[in-house]
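There are structures below to look over.
In the two complexes that follow, chain A is the common piece, with chain B as its partner first and chain C second.
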Partner chain A sequence: MMESSHMLLDQVRQAVAAALETLDGVVALSVEHANVAPHLFQPGDDLGSLVLEPRYPLALTVREILKRYPEAHIGVVARGCDERSLVELYNWKQVDPDHVTVIGLACTPEEAAECRCAQPYPTAVAVGEPAESVEDAVLAEFMATKTREERLAFWQRQFAKCMKCYGCRDVCPLCFCEKCAMEEPTWVARGRLPVAFPTFHLIKALHTAGAGKCVECHACELACPADIPLSILYSLLRREVKEGFGYEAGAQRTGNPPVFLSA
Partner chain B sequence: MIKSQRLDHGFVEEILAEPGGEHLLTCWSCGTCAATCLVRRYEPAFNPRLVLRRAGLGMREAVLSSAEVWQCSACDACYPRCPKQIHISDVMKAIRNIAIREGYERPGAAARVDTESCIACGLCAAACPYEAIHIEEVASNGTGKLAAQVDANLCMGCGICNSVCLSSSISVEGITDQVVSQDIAALRRQPARGALAIVCNWCLHATTDWDVAQNPPAGVRVVNVPCSGRVTPTFLTTALMQGYDAVLVVGCKTDECHYKHGNALEQGRAEVVGGLLDLLGLEPERVQFAWIGALDRGRFPALLDKLAADANALAPVHWGDTPGYRGEVPAYPSAATAPRGEG
Partner chain C sequence: MKLSYQSVGTVCIYCGAGCGLNVQVMDGRLAGVLPARSHPVSQGQLCAKGWNATEFVEHPDRLTTPLIKRNGRFEPASWDEALDLVSDKLAAYARASGPDALAFLASAKCSNEENYLLQKLARGVVGTNNVDHCARL
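Our next item is the complex of A and B:
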């Protein structure tokens, strides 16, 4: 196991080194003093600090760099969810696809299982072997095992744990607004806990999954310090959007944001 | 008084030559259009018959400088009723085109963009029923950026752009998030329990229905919005949180939207809101939707009666930080999230 993950890392470093021969830089994770963060590797940089874990969404880092340097052409080490995030950023006109090269990384079966990921690989895999799709049964199980009254009590309890750290929003690869509705005094009282049920959490859910943006990377749920099972809510909205409007986030480049719900 | 020496027959010729204006002079001035006009409910001074009459007489200045030529929103309620089959909204559009060429501007509130926070995603432009919004390069903080820009002469002020914008970077004065939510909250200040109906300005065709909206049954409060498409799910959950036991959104029936497709947007939201309520464990009657067409006269009072009855039958929910609510919350769910210094 250890052996194969080292092999994978070596292969990614080789792919990045090759890409840096033609690109202005490659976005990947880098470790420094035991802290892992998104990093722009540039030609000539030592790739020894490049790592793959812990997983962190990279699409918004690509947006930030291209916003500052619109002429640059950069690569990104992208897992399936990173690539789908980028597709949505293209559709929402936040990233110009002509300036991005994806270095596709397939997740391991263990990683896919951990994320309950339906598509744990990008469309073009440069490194790794595409793992089997994993079914996410959390929503179905939740609905099947709880009565209506239990569901209401569950969510009131879960959302009341929220300490309003905004981690779910800050980590989300598809939260790119300059002005966030979750901080609008019209909807959210400042300095008050517990947050208003259920508006506070529904704003985040409706503005991402409800707007057809959620690529099910689970980053929000992993980031939540209160362990709120956000993916149940997001799974439901993804299903509604797919069934009601035939739209699946990250599935295809349309060049325009989908108009069907919003806010 | 109309002075014949001030009439301008060239103006009549100009309208007739403008696409849509060809049938101006076939008008009999019978007034059927005015009798069926939905705009008159809000703008009693608006009278399509008079606009056509004045235009046909060549009263250039009076017609072009009036607010009325801008008030028709092309709902075409009058068109099938006109005995001369004049497409009146097209005549209005022809007159507006002349007005724009001569430098007149549409009065009243048009959508405005906060260019600082706009991220130029183009969602509002795609949602606008009147193609009034375009993404353009604008000056901002001494540099250039892309942002939505509104053609005020095309905007009809429906607020659909605001309802789709994720950061509320575009809004229409009078129906901003703040104004609508304050309307909802202001009604709630009465201590009694109750239900809220958010009603589009155009779906009630019968005077009796309109009267009921003005004087709703006990326990029901009515807020008007230009279009049901303006109503976001956030308004609905906020209303519940403020203590309304049930909320009803009333909009126009499919294909009868005053703003072309605002109701379709809301019908999509209705589906999703239903799924959300179910997931959250809230009764489906908490948030209701109804679509009223031109032939559904008299249906509205029964909808409000049902809403009041449903609200009455539902148990109140503790929303937000009411004392009983906080008491139900276990201090911390697991050791992993226990506060530092206590573990």
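Our next item is the complex of A and C:
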């Protein structure tokens, strides 16, 4: 039976309160004046403002907090995609797993459907019931209805809408490079729109999904002000990496992303 | 250990669209921007300016004191000195050519109240309706 969102929220608050007895803080969503944002709850804080929606890539916030406070031990209310992001950050040695405690939250079937999510739950579920895997209908339709030529025309049209905000990169939990190839003048001319096809977008795609980093959290697509369906491209590349290298980003702590092996 | 991380909800200062931002603050220092997903206008999406809306705050090119051009060079000046110069010149132009020789440009980086005061100065004190601003998209 499906639990009401009220009950889920109560259970998450209880789990966070329990975690705060031993941790320095817990990253979760908080609402203030109708604005929901990532928040670091600390021991003694009132948990009344803790909410579960709308979804943010919380692994990004965990990554940034631990970069500033490497000694801290923090928890995070993590959905399946947040946990996969963290696992991938562990594998890339960007976050130390010994400093993170995951409070696993399973997404509701409605949330899973909205995100077209293949695995809408973390490996250890503390709150909620794991919902069934949802097929990515957008991806399936793209594959079923377009010839090669139509796909090329499709991406030319989509990428021409790009206003080069770099939001897809800035919001990505796995975009952690200090220096970004998308700002390298050799590849990307400064101050020029539309961006060169397909270089700009393929740099992003290859350096994330192509490098075996994309966990299909769809944060990039949600942040895109031009509504470019980036998840189609990244999911296809994720498949390629799985087939070619047997590697699935965020699936397990192997410590060996495929680009490490060829380095 | 005590950690200092805050996400401060605010509105982008760059244009009249008014997108919602969550400014990330770590240890009292600016640490980036996240889009505000629950914001009714922008719904979690930002342009390049919004993503970088906090960059100017600590930018080395930012002016931190008024400058007055003397002998072809800008020199640091006090606020009293700068405001006296501006008011003397504005008054002189208004006397010589009438108040409509002047225009007042307000700013999206100021509060509504500050912009109200600027147009009040233009209309009520100087006597011109030449008021405009950078956020007029």
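The criterion applied here is as follows: the second predicted complex is superposed on the first by the 252 of 263 C-alpha atoms of A that agree within 3 Å, B and C clash if a C-alpha of one lies under 4 Å from a C-alpha of the other, contacts with A are read in each partner's own complex, and residues count from 1 in each chain.
Keep in mind that, in the parts below, a contact is a pair of C-beta atoms (placed from the backbone, for glycine too) under 8 Å apart; a residue touches a chain by one contact, two chains touch by 3 or more.
As the structure is a prediction and not an experimental result, all values here were calculated from the model.
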Chosen between chain B and chain C, the partner touching more chain A residues is B
Contact-wise, after the overlay, does A:Pro225 reach chain B, chain C, both or neither (first, second, both, neither)?
both
Per the contact definition in the header, classify A:Cys165: touching chain B only (first), chain C only (second), both, or neither.
second
So, does A:Arg192 touch the first partner chain B, the second partner chain C, both, or neither?
first
Taking the superposition as given, does A:Arg148 touch the first partner, chain B, the second, chain C, both, or neither?
first
Per the definitions at the top, what is the overlap between the chain A residues touching chain B and those touching chain C?
225
Touching residues of chain A toward chain B in the complex: what are they?
92-94, 142-143, 146, 148-157, 160-161, 176-181, 184, 186-187, 192-194, 196-199, 202-203, 206-207, 210-211, 225-227, 232-233, 236-237, 239-241, 244-245, 256-257, 259-263
Help me check something: in the complex, which residues belonging to chain C touch chain A?
1-3, 5-7, 9, 20, 22, 24, 26-27, 31-39, 44-48, 50-51
Which of the residues in chain B come into contact with chain A in the complex?
114, 116-123, 126-127, 135, 162-169, 177-178, 181, 232-234, 237-238, 241, 265, 268-269, 271-272, 275-276, 278-283, 317-321, 325-326, 328-330, 332-334, 336-337
Can you list the residues on chain A that touch chain C in the complex?
24-25, 30-40, 42, 54-56, 61, 64-65, 68-69, 71-72, 74, 163-167, 170-171, 222-225
